[in-house]
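Next, two complexes with chain A in common: one pairs it with chain B, the other with chain C.
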Partner chain A sequence: MTSSLLHPPAHLPPNVALQLSQQAPTLLQSTPSAISPYSLSSLWSAAESAELWMTYENLMLSCLRTGDEQSAHQCLERLTARFGADNERLMALRGLFQEAVATDDAALKQVLEEYDTILKKDSSNIPITKRRIALLKSLKKTTEAITALNQFLDSSPSDAEAWAELADLYASQGMYPQSIFALEEVLLITPYAWNIHARLGEILYMAAISGEAGSEKYLAESIRRFCRSIELCDDYLRGYYGLKLTTARLLTGRSQPSRQAKSDSALATPDSKTLERLNETATAKLSEIVRRSVAGEAGWEGFTKSEVIAAKALLETDAVKISR
Partner chain B sequence: MAQVPVQTIHRDPQLFYWILIPITLVMILTGVLRHYATVLMASAPKRQDMPTLREQRSLMRGINLRANANAISPASFQARKDYLVNAYESGAFLKEPEKKGQGAPNPMTDPAAMEGMMGMMKGNMAMIVPQTLIMGWINAFFSGFVIIRLPFPLTIKFKSMLQAGVATRDMDPQWMSSISWYVLCIFGLQSVFNYLLGSDNAASQMAQQMGSMGPGAGAQMFGPGVDPDKQFQGEAENLAVLAHQYTLEGVEDRILNTVRV
Partner chain C sequence: MTWISKSVTGLGLLFLAHACYSAYEHSALHSTSTASLSSTAAHTAITSTSSSLPIDISIETLVAVFTVCLGLVLGTPELRPIQWRVWAGQIEREGEAGFTNIDGQVDKDYVGNPFRVLESRPGFVDIRKQRKEFAEWVREGGGIDEAKKS
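Moving on, here comes the complex of A and B:
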């Protein structure tokens, strides 16, 4: 029952989060309200486990998502009773709680001021620094968030999460080269993360269609990123989707055979034959995935519904173009 | 065939109640006490301030770049390499840039290093002090008692192990002295502590010994007595000579060859 509560609930679909938070009252009742590490009773009662506290934390996040603020508060209280109010992680959790219950921007600004005072006292408080950046982002102060993130990354450049966040912020501002740089940093930390490869492919594609200089170079690299993501993860829907999109674009845009002098450092664009074969493979694979996952075949259920729908739409527009 | 006569010794049954049980009980109780004393004495892991963190993580970044350089394009790699090598050589990431080139600080004068050693000392003390006290107590009160007879035969070699403190030459090695019982308790109560205190308890000395063996390579890397400037220079050199290969080269052909629809 609680096994899904042991993982951070960031990517749970809404119905699962709701289901989890509905278990909260029973779960909170079934566990003792206070556990002290030094009591005699710990000799015969079950020992406290790290899982319990993890459950509390994730339960709190799920509850905040579904609006069960009472249970969330109870989780927070118990965590505070165990770890003390000046624990860094708990400070961030409390800030998160306050952000969630804030009703308007004024209340959020107050939370932001609290973060600032905490950071003035102790600038090495990483959870609070991250919360502050997230709050700046949700207050739509993107430039400030980017500045703060850059500051944070200067002192902690091995933080993949922060680099990924920075890449998203830059992409939202249309600063694609910076975003690409940040995603490359993420890849340097986690070189086999296929979702990051695909994400980098997407950003490269966006940079290419935004009409910046060297769009063909971006497209070529984008294709290769998607290929790599497929290489790392079989039947990766996002990778095939991107591969189809980029190869199609490069094929249609390939009318003028202007082979500009390439710099030696960049890889050459694949030739048309390879591109066509890649496109065919991607199309075939996408239709297979769509067909099988819509039919609900065994082993093909894991795909996100919205992504399957998007892939279907892409295939349909393609089919319309051909029939014309 | 000559039968070896079974040695019988008439013992007061009270020996059992007044030596065997007290020793066992005391050993268990001290184990529990030691666990809680260690928990109480343990100092929280020291927080590192931002400059130290920056120094360590910047070095990590260089190591990551070196290990995973294949994931990024040659141009991106070149840019990062130039930047990092430059910064490493100029000491831009050092915690104390003005101390560049002075060598490692003496770990004995560094208060941060002293604190780590104190922690280790405390752990060892929590082992040694009770052990010494109980040994003394047993020596003073129970030395020279033969308390139980093991229900299985043993060879003569076990005599020195099982009959410590009882200097009789002809006694069968099955008989066990009180001090030997104590030694057996030290090593044999592991599972009792696991049952009482959970598996990660501080009472078991096996864990203590493993802990003092060295907390791993991570601490070694940034431990006291290591000159960060030297590490940076070494890493800069490693980066400078690295031959870069791009994973994405030819990936489209690999895909076409492997993916079968």
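Moving on, here comes the complex of A and C:
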């Protein structure tokens, strides 16, 4: 279980977060509160390891999430004792702690002002810049957050995390073309990220169904993105789900009599036969994944439960349509 | 699987030790028997005969080395996939269960999908929203279920 303490816990479900934070008191007791650089025991064993500090950081995040502020503060103090209060990453962690314990908006404003004063002194402090943007977003000042994020990306354009955040912010505002652009930037930095390919496909699909101009072009591009995500990752549930949705939508759009003229772009939409075959493949794969995952076969337990349920629901609505 | 490799390696090591001991015994015996003859035999003849070992000891050494090699090869963990899509598919399909070793512990270098951080984004974490969601989850009785189970 400690292995999951070595990775950032933001994506974990609440029960795992609770489990992790419940380990905190024992873990904090079992490790020494201060590590002296010169001790007798350092002769035969490493006095400290990078894992220990990672554990502290992630433990602190889990504890803050579950409301165990005492343990979180203890983690923060130990990290501060080791790395000093003016470490950039620790400044961000301390800000995060203050954000979490803030009771009202006035306290949050104060935290925001603190970030501003830090950034005035040293504008290249990346963790604090990110925290400031996250706080702006948390305070529902989305436009300001987008502006700040764009400024940040001007100075460090190779930060994939920031581009992904920008894409999410744009998507939350319904600005799909900008969001697509930001995600394409992410893919320039990490071209093999299969989940980002799927995410881009989802945003393209959202752009297509939101009724913007050129929806067929968006759908065709979306199909390509989902296909790429499947190409990068065998049995990718999310990719097949998206592929099924997009091909089905494009096929129903095609069958209507008012057929659009072929787009004149270099990448034309695939013809109906290809679409049908893609749709069939996606359906077959999805039903296989759902069947094996629900049966709990060995080697098929990795899928998220909610995703499997969603895929099952999609297959069932499809089956109803056919039987009608 | 693992006990086979361990026993084969152990057997090989036993053979190797035996071969070494035989070689030592042979040379000791040879030197004492030749020492008494050293007055009559030429010095060059002694060195040439003492350097040659009986063929069975050589064969035993070779067999022992191959057995040890076989045992070690049998004991290697399963090879990781070298194709990107197979590797990624294994992560998505099997999750942590696919990367546990024999002791039931998850491999230390297992990170799951390495690109998940682009969607969870620890640098931009909204801790207040997470706290709110967690409190809601507890209010809905998620925590009680967990306590009953454990």
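As a working rule, the second predicted complex is superposed on the first by the 302 of 324 C-alpha atoms of A that agree within 3 Å, B and C clash if a C-alpha of one lies under 4 Å from a C-alpha of the other, contacts with A are read in each partner's own complex, and residues count from 1 in each chain.
By our rule, a residue touches a chain if its C-beta (ideal position, glycine included) is under 8 Å from a C-beta of that chain, and two chains touch if they have at least 3 such contacts.
What you are looking at is a predicted structure, and each value in this text was computed from that prediction instead of being measured.
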| item | value |
| --- | --- |
| First (chain B), second (chain C), both or neither touched by A:R277 | first |
| Which superposed partner A:E221 touches (first chain B, second chain C, both, neither) | first |
| First, second, both or neither for A:E231, with chain B first and chain C second | both |
| Which of chain B and chain C A:S306 touches, first, second, both or neither | neither |
| Partner chain(s) touched by A:A100 [first = chain B, second = chain C, both, neither] | second |
| Per-residue contact with chain A, leading partner among chain C and chain B | C |
| Which superposed partner A:S30 touches (first chain B, second chain C, both, neither) | neither |
| First (chain B), second (chain C), both or neither touched by A:T317 | neither |
| Residues of chain A that lie at the interface with chain B and also at the interface with chain C | 231 |
| Residues of chain A defined as touching chain C within the complex | 3, 7-8, 10-11, 14-15, 17-19, 61, 64-67, 92, 96, 99-100, 102, 127, 130-131, 133-134, 137-138, 160-162, 164-165, 186, 190, 192-196, 199, 231-237, 299-303 |
| In the complex, chain B residues that touch chain A | 32, 36, 39-40, 47-51, 53-54, 57-58, 60-61, 64-65, 67-76, 78, 80, 196-198, 246-249, 251-256, 258-259, 261 |
| Residues on chain C engaged by chain A in the complex (per definition of touch) | 84-86, 88-98, 105-108, 110-113, 115-131, 133-135, 137-138, 142-143, 146 |
| Residues on chain A engaged by chain B in the complex (per definition of touch) | 37-38, 43, 47, 123-124, 154-159, 181, 184, 187-189, 191, 221, 223-225, 227-228, 230-231, 263, 265-267, 270, 274, 277-278, 281, 284-285, 288 |
